[in-house]
Amino acid sequence: MTPASGSRAAIRDAFSRHPLSWIDTLPWVATVALYFAANDYLPLGTQVMINIIFALALDLALGYGGVATLGHAAFFGIGAYAAGLYATYVTGEPISGLVVAAAAGGIGGLMAGPLILRTRGLTLVMLTLAIATLLHELANTFPSVTGGANGLFGYEIQPLLGRFQFDLAGRTAYWYGAGVMAVIYFLSKALVNSPFGLAVKGIRENPVRMRMLGVPVTRRLVALYAVSGAFAAVAGALSAQVTKLVGLDSLTFTVSGNVLVMLILGGTGSLYGAFLGAFVFVVLSDRAAAFDPFHWLFAIGIVLILAVRYAPQGLVGVVETVAARVRPRRSPS
Amino acid sequence: MNGEWTAVMKLAATTLALLADGIAYSMILFLMSVGLTITLGVMRIANLAHCGFAMIGGYIGMTLVTRAGLGLGPALALAVIATMILGAALERTVYRWVYATGELGQIMMTIGLAFVMVASANLVYGSNMNAVPLPRWLTRDMALGVIQISAYRLFIIAVSTAIAAVLWGILEYTDFGARLRAAVDNPRMARCVGIDVPRVFAVTFAAGCGLAAAAGFLGSQFLPLEPWYALEYLVPVLMVVAVGGLGSLKGSFYAALLLGVIDTFGRYFVPAAGAFVIYLAVLALLLWRPQGVFVRA
Amino acid sequence: MSVPALDVERISKSFGALRVTRSVSLALAPGARHALIGPNGAGKTTLVNLISGLLQPSEGAIRLDGVDVTAMPPERRVGLGLARTFQISSLFPLLSVAENVALALAARFGTDRRFWGSVRARPELVDGAAALLESLGLLALAPRPIADLPYGQRRLVEIALVLALEPKTLLLDEPAAGLASSDRVVLLDLLLRLPPSLTILVIEHDMSLVFRLAARISVLVEGAVLVEGTPAEIRADSRVRDVYLGTRSHA
C-alpha cells in the first residue's frame, strides 16, 4: 500500500537524489558498444572520456556550487604536468601518477580557494582567469622544469596494473580511461547525494541564508573547489599518460573556455550534462577540424545562441523534455 | 658626469615614451570598456560579445576609408552609427532572450555571438591583420620637449579624454544620465518611479556598442583588426571592468589607465614574463578590493 | 535580571554621514517576548542585521548570554544559539521543503561537512525534518519545491527552518508581512506555541499580533529608541500615538 503523500513514511521521496537508475548504465553500454563499432576511433573515444572527467569536475564546482570559473584549465594543467613529471622523475606507474596528480590539484584548490572564494560574480571569474594565466606564464618561464614551449615528452608509462601495455592502437588507454571515468563519476555522484552536496546546493541558491544557518560558506566552497580541482587534475593526468605529451596549451584560456561551453551545452547541475556535452563537443570538433575551423566556429556559435532560447537547460533539458512527452505522465513523488 | 646625465635623460625619455604609449593604449581600453561596464552595471548582462562590436566598428571604418575613400571623421561617424544600429537590432532580438536566464545563459549566448562574429570576419576579410590607414597628419612625430610622441598617440589621448568628459557630463548633468544612474543603483526601484527601464537599456546598449566601435576604429594601429579580435581583447577589457567596478565610468577610466600603463611598462621591462605582470597586478588588486578598486565600498 | 539572553548596548551604525542607528539599547531576559515597532525607515531591519552579524556596528556592543559577539561573523553567532528570519523569505527555492529543513538540521548537527553517505540514509535528517514539519502542520508540503509554494506558506516554512536550529534567541523580521489574514491567524498560533524558554525579538507592523505576543515593546523612531515598556504603557503613551497618528495595523 503506498503511503499517502504527507505521511512520514513518504518523507524520503521529498529528498531529491541523483538516483542510480538505468540511465547510469548508458555511458558504459556506449563505451563497450563503441569499442566494437568504432574500433578505429579509440583515441578519439579516450579524448571524449578525458573531457567527460574534466566536465564532471567543472560541474561540481559550477553546476552544484555555483562557482563561476574561466580558469579550470589551471587544474587540468597542474594534473598534466604533475603526471608528466612524476613519470619522468619517479616512476611511469600510471595509477599512482593519477593519485599524485589528484593530490596536486586538490592542494592547488586548497591554496587558491580561501583567497578567491570570498568573492563572487565577475570578480571571481577574473580571479580564476588571472590565476590560470599566471600558471601558464610560470610554466613558460621555467622550461627546464616544464619543457617550455616544447612541453614534456619522452617519458615512459608502464603497463597498467603491471600487465596491460599501452598499445599504439589505444586499446589499453581506452579501457583505462573508461575505468577512471567510472571512478570519478561514482565519486561525484556520492558527493552530490551526501549532506555536503546538499549544503553546497544551498550555498548556490542562497549563501546569506546558509550563513544564517551557521554554515561557514567559504570553507565549504573551498572544500568543493579542492575536490573539483583534484578531479580536473586527474583528467589532465590521464591526458598526459595517454598521449605521452604535456604542453603549454593545457593551461590556456581555450581549454577553460571549451570545457565551460561543453558543460553549459550539455547542461549544468546534473552530472549527465558532462557526458552529453563532452561527447558532442569533442566528436564534432574532431570532425570539423578536418574542414575549415572557422566554419566550425560559426556553427557552434549559432548552436549556442539557439540553445539559449530553445534548450536553456542544455542537452540534458532536451532529453528530459522529450522523455517527459514520451513516457506516460507519472504523478509527482 | 656627462655620461651619467645622458643615461638618466635617456631613461627619462624612454619612460615618458612608454608612458605615452601606455596612456594611449589605456585610452583605447577605456573606450572599449566603458560600454561594457555600463551594460554590465545597468543591464547586469555578461556580454562576452562586446569586443566583437569594437571589431565590427573597426572593420566597417577601415572599409570606408580604404574602399570608399572617406576621411577619418566621416568614416568614424558612419562606423559608429552602423555598429549602433547592429547593436540595437541584436539587443531587441537575441539579447532579450537572455535577460532572465542568469549568468550562464548570458555567457552561452554571447560567446556564441562572439564566435559568429569571428567566423564572419574571417569570411569577409580573411585572417590577415588589418588596420585603418592613418592620414599623413597623424603619422608625424611631435616633439614635446625632449621626447618624440607620434601625433597618433596624442590624437587618441585627446579624443578619448574628450569622449570621457562628454560621457561624464551626460551622466552627471542630464536627465537621461540621472535615469541611467538610478537604473544602475536599483533597477526595481527605478521602474517603480516610472523610469522606462527597457528603453534605458536599449539606448545604453547601443551607446556602448558605438563606443566600442570607436575604440576599434581609432585604436586599430595599436590593436590590429583580425578575426580573433572579438575574443582576443575580451580578457583585458573584463579586467578593466572588474578592477574599475561594475557600472562605474570613473572606475573604468582609472582602471584602464592603471592597467594599461602597468601592462606597457611590464612588457618593456620584463619581456620574458610578458603577460605575467599584468595578471599578477590584477590578482593583487582584485583580492585587495573585490568590488572594484575605484569604487567606494 | 540575571545574564540577559540578548544584550544590545548602545549600538550605533552610520553609513558615511547618515546615522541609521543611534545608541540603541535592549536587554532581553531568557524567555522574553519582546517586540520592536516603529514607522517605516526607523531602522528596525538594520538593527536586526546588526544583531545577527550581517552588519558591523560603528559603536556599541552585542552580547548573547553574556558572551560578547560584536566582532563575530554571523555563522558563529548562529553557533551560539541565535537565529533569524528575513523580511522577504530567505529559503532555498529549488530545493524541497523537506530539504530546506534538513539543511538546517544538518547545519545544526554539523553533518553538512560529511562527504559520504547519502542524505536519504540519515534518519536524523530525514525523520527529523518530518517530525518538525508535522509538529507545525506542514508535513503535506514536504516534497514541494519552495518556488512552487504560495508566499504565506513560505513564511511558515521559514519559521520551521529556524526552529530546526533549536535556537536560544530568535529574531523575527516582520513575520506577518505580506500575509493574508487567515495566514496571520495560523502564524500567531504558531508563535504563541513556541517554547517558553526561547527568547524572541519580533519586528512587526501588525499591532494585533504585537499586543498579543509581546510582554515588552520598544518603539524605534529614526534609529533611536523612543520608549520601552509593557503593551499597556505603550498604548497609553502619547508620544507613541503621535508617531503612529493615522497608522493602523495592515488591513
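Which chain is which? They are A, B and C, in the order written, and residues in each are numbered from 1.
By definition in this document, a residue touches a chain if its C-beta (ideal position, glycine included) is under 8 Å from a C-beta of that chain, and two chains touch if they have at least 3 such contacts.
The shown structure was predicted, so the numbers you read here are calculated from the model rather than taken from an experiment.
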Exercise for the section: Identify the chains adjacent to both chain A and chain C in the sense defined at the top. Expected result: none
Handout entry: Innermost chain, where centres are averages of C-alpha coordinates
Key = A
Exercise for the section: Farthest from chain A by Cα centre, which chain is it? Let me know. Expected result: C
Handout entry: Rounded Å distance between chain A and chain C, as computed from the means of their C-alpha atoms
Key = 41
Handout entry: Centroid distance [mean C-alpha coordinates] between chain B and chain A, Å
Key = 34
Exercise for the section: Return the distance between the CA-based centres of chain B and chain C, expressed in whole Å. Expected result: 47
Handout entry: Contact set on chain A toward chain C in their complex
Key = 5-8, 10-17, 190-191, 193-199, 201-202, 205-206, 208-217, 220, 332-333
Completion exercise
chain A partner, complex, touching residues on chain B are 40, 46, 94, 97-98, 101, 103-105, 107-109, 111-120, 122-123, 227, 235, 238-239, 241-242, 246, 272-276, 279-280, 282-283, 286-287, 290-292
Practice task
Could you please specify the touching residues of chain C with respect to chain A in the complex?
Solution key: 52, 54, 73-76, 78-79, 83-84, 86, 90-99, 102-104, 106-108, 111-120, 122, 125-127, 129-131, 134, 139-140, 142-143, 161, 165
Problem - chain A residues touching chain B - in the complex, by the definition given at the top - result: 68, 115-116, 118-119, 121-123, 125-127, 129-131, 133-134, 137-138, 140-141, 253, 257, 260-261, 264-265, 268, 294-295, 297-298, 300-305, 307-309, 312
